[in-house]
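Each chain carries a letter (A, B and C) given by its place in the written order, and its residues are counted from 1.
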Amino acid sequence: MNVGPLIVTFLTGATLIAIFFIPHHLAQKLQSTLLEWAAVVYAFALILGSMSLWAVHQRKIKARGTGWPFSLVTLGALVVMTTGGVFQGIEEGTVVNWLYNAANSPLASTMFSLLAFFIASAAFRAFRARNTEATLLLLTAIVMMFGRVSIGEYVWSGFPAVTEWLLDVPNLAAKRAIAIGIGLGAVSTALKIILGIERSYLGRS
Amino acid sequence: MAGPRWTDRLMGIDRRFLFIVIAVAVTLPLLFPVNLPISVSPRVRAAYETIDAVPNGSPILLSLDYEPDVMAELQPMAIAVLRHCFRKNLKPVVLTLYPAAPGLIERALAIASEAEGKKRNVDYVFLGYKSGSQAVILGMGESIRGLFPKDFWGTPLDEIPIMKGIDSYAGFPLVVNLSGSKIADYYIQIAHTRYHRPLVLGSTAVMATDYYPYLSSKQLLGLIGGMKGAAEYERLIDIVGDARKGMDAQSLVHVVIVALVLLGNVAFLSSRGRGARPGGGAS
Amino acid sequence: MSTDPQILVAGLLTLCIFSFLYRDNPFYKFAEHLFVGVAAGYLLAVQFQNVLKPNVIDSLGTAISAAGTGDLSPKWWTLVPLFLGIILLGRLWTRTSGLARWALAFYVGIYSGIAVPAYMQAQIFAQLADAVKPFGTGWEALYSALVLIGFLGVLAYFFFSSHHRGAHGVAARVGIWFLMIAFGASFGYTVMARVSLLIARVQFMLRDFVHILPGA
């Protein structure tokens, strides 16, 4: 049942790998075309996600589940933004642009800014020097937090230099190994997908 | 039976008290700034000097890829880099690969161009947003007009003097990417490694430590990390933007958090020393 | 307090989110649900204007008007991604979810194919080349040696095909120390990043919303 899609994966993947080695303009044109098609498929993936979001909240409203009025807010906002974006556009002066500046932007920023509070609370409660490794992590974090702000230099003039050394030597070593590990993992996963060994992305038959 | 130890009382403190402490630590320095001096780190200086070394009047590709969730770090950075480019009479060609970014970038361009007396399509171009990330970064190696036939406001690229003779990376002596995500990796993989463009990166602080290997291998020529990096860049071009204004608050909050961590560990070690159950609980 | 409706709404919504710090409440829930709807709707709007309209609707429109003149425009190829996109939507219903696999296979194949040479060239080969370059002189030589030792130690740690015993165990332990320093650095920077986001929101509230700070 999956043979057809697996062949498609193989053909597209192998083609893109081959095109990397072929500088001819026709090969590059083919690559551009395929990537444009992928962008269209991605747009439909977002539509799929929104339809799924709609279904979840619609079910909740229908069943009068806990907090169902809030689901009305979500669906209402979704309808307004989508309709406005499709028929009026998204440039300055449109409803979508106004709501983006009034709601989307501040809500996104504020949601993430809450993390500052939680990271402080979590650090107080859970960041413990339980063993050698944890102590090393703790001390490095403290040096970083002092070394990267102005007040650190007042406490000890050597903080910035130590901070840079930690970043340029041990941090570099570890992150390089991690980067190579990630690269090897990404390449092996991509090859497994192209060769049909890895099929989980297709879902269950 | 002995009452609760001070360590248990300390660890049992309501977290909302900690939230108030953090809120006060952020707000006070903003209301009563001390203007602590900011020293410039070598990596930010390298980014500045790389952009500064681009010949005056040259075009420069600026990919501003961030959304409102990280604009606190990257918007001041974008404004500072744009102002630097404008002062050197460089012609930024700006684009974004993030759908929620165009509004932020329009604002950054408006602020920077107004401050330096620059005009749209004469001194800079904003290509707008294009979906596809890697596809777009790859596509710019072949044809920018194929991806962006018009600029963000609908002017055909052929009618914009800055874009004359430029249709790929080859037309830019430098690419600058300000990114809050893996887009930075794609620019390293494609724009630098495949198309051999010199690359400078501005990133969020969360990501910055991951890019030191690329600095060592010269795949990146400079790195501006987080709001502190933006503040350092503002200092280098001698402006006082939001990043510099926030550094006093950053200092105080860091001191508070370090104090909390040390306090927690003192309580923990004290409990362990007495053989009691170590403190700590849910945050 | 600002009189600009946009800033007023932004400020009030900011306060709704911050109210979560006290405890979960209807204001926070309202803001949270509004955010989900607005963000999803905005993404759809942008995708429509930047992808579907130019790449599909306008392309097909051009092809249809050209067809009347007998011109077999290559823009008819736009039907392929349109077809793939439509069958992708079939994932919502059990009877049609099998069709969606073709679209998924196409998309995953494309980006897997891009990933292989990109990661090999930029992340594996380039980093290995930099890892084995000659040491400098003086202190630089010591630092370069430390980087090499740490790099090999971390690689040893992540090699799980054999037990971490003997020389491998020692190398892995050294690797763990370097990893702890790297993660400590990341933690410090993460704290810096999160605090920066909070500083910006407070700047907005004090400057643009309640006009206490200058510069609104």
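For the reader, a short list of remarks on this structure follows.
Here is the rule we go by: a contact is a pair of C-beta atoms (placed from the backbone, for glycine too) under 8 Å apart; a residue touches a chain by one contact, two chains touch by 3 or more.
Just so it is clear, the structure is predicted and the values come from calculations on it, not from any experiment.
With respect to subunit A, maximal separation of chain centres occurs for B (centres as means of Cα atoms). Two chain pairs are in question, A-C and B-C; the one with more C-beta pairs in contact is A-C. Put simply, the C-alpha centre of subunit B and that of subunit C have 14 angstrom between them. Note on chain placement: the centre of subunit A and the centre of subunit C lie 3 Å apart, centres being C-alpha means. Of all residues in subunit B, those that touch two or more other chains are 19, 22-23, 26, 69-72, 100, 131, 134, 138, 209-210, 213, 216, 228, 250, 253-254, 257.
The residues of subunit A that reach two or more other chains are 35-36, 38-39, 42-43, 90, 100-101, 104-106, 108-109, 111-113, 116-117, 119, 123, 138, 141-142, 145, 148-149, 167-168, 171-172, 175-176, 178-179, listed in rising order. Annotation for subunit C: residues touching 2 or more other chains are 21, 39, 42-43, 46-47, 51, 111, 114, 119, 122-123, 127, 130, 147, 182, 185, 189-192, 195, 197-198, 200-201. Interface of subunit B with subunit A (complex): residues 11, 15, 18-19, 21-23, 26, 36-39, 41-42, 67-72, 100, 102-104, 106, 131-132, 134-135, 138-139, 142-143, 146, 209-210, 212-213, 216, 228, 247-248, 250-258, 260-265, 268-269, 278, 280-283.
Interface residues of subunit C facing subunit B in the complex, by the touch rule stated above, are 21-22, 39, 42-43, 46-47, 50-51, 111, 114, 118-119, 121-123, 126-127, 129-130, 147, 182, 185-186, 189-193, 195-203, 206, 212-213.
Note for the complex: subunit A touches subunit C at residues 1-2, 4-6, 8-17, 20-21, 33-53, 55, 67, 70-71, 73-82, 84-86, 89-90, 96, 98-117, 119, 123, 133-134, 136-145, 147-149, 165-184, 186-187, 189-191, 193-194, 201-203.
On the subunit B side of its complex with subunit C, the touching residues are 16, 19, 22-23, 26-27, 30-31, 69-73, 99-100, 128-131, 134, 138, 185-186, 188-190, 192-194, 204-206, 208-210, 213, 216-217, 219, 225-228, 242, 245-246, 249-250, 253-254, 257. Subunit C contributes residues 5-6, 9-11, 13-14, 17-18, 20-21, 29-49, 51-52, 55-56, 77-78, 80-82, 84-86, 88-89, 91-92, 97-98, 101-117, 119-120, 122-124, 127-128, 130-131, 143, 146-151, 153-155, 158, 175-185, 187-192, 194-195, 197-198, 200-201, 204 to its touches with subunit A in the complex.
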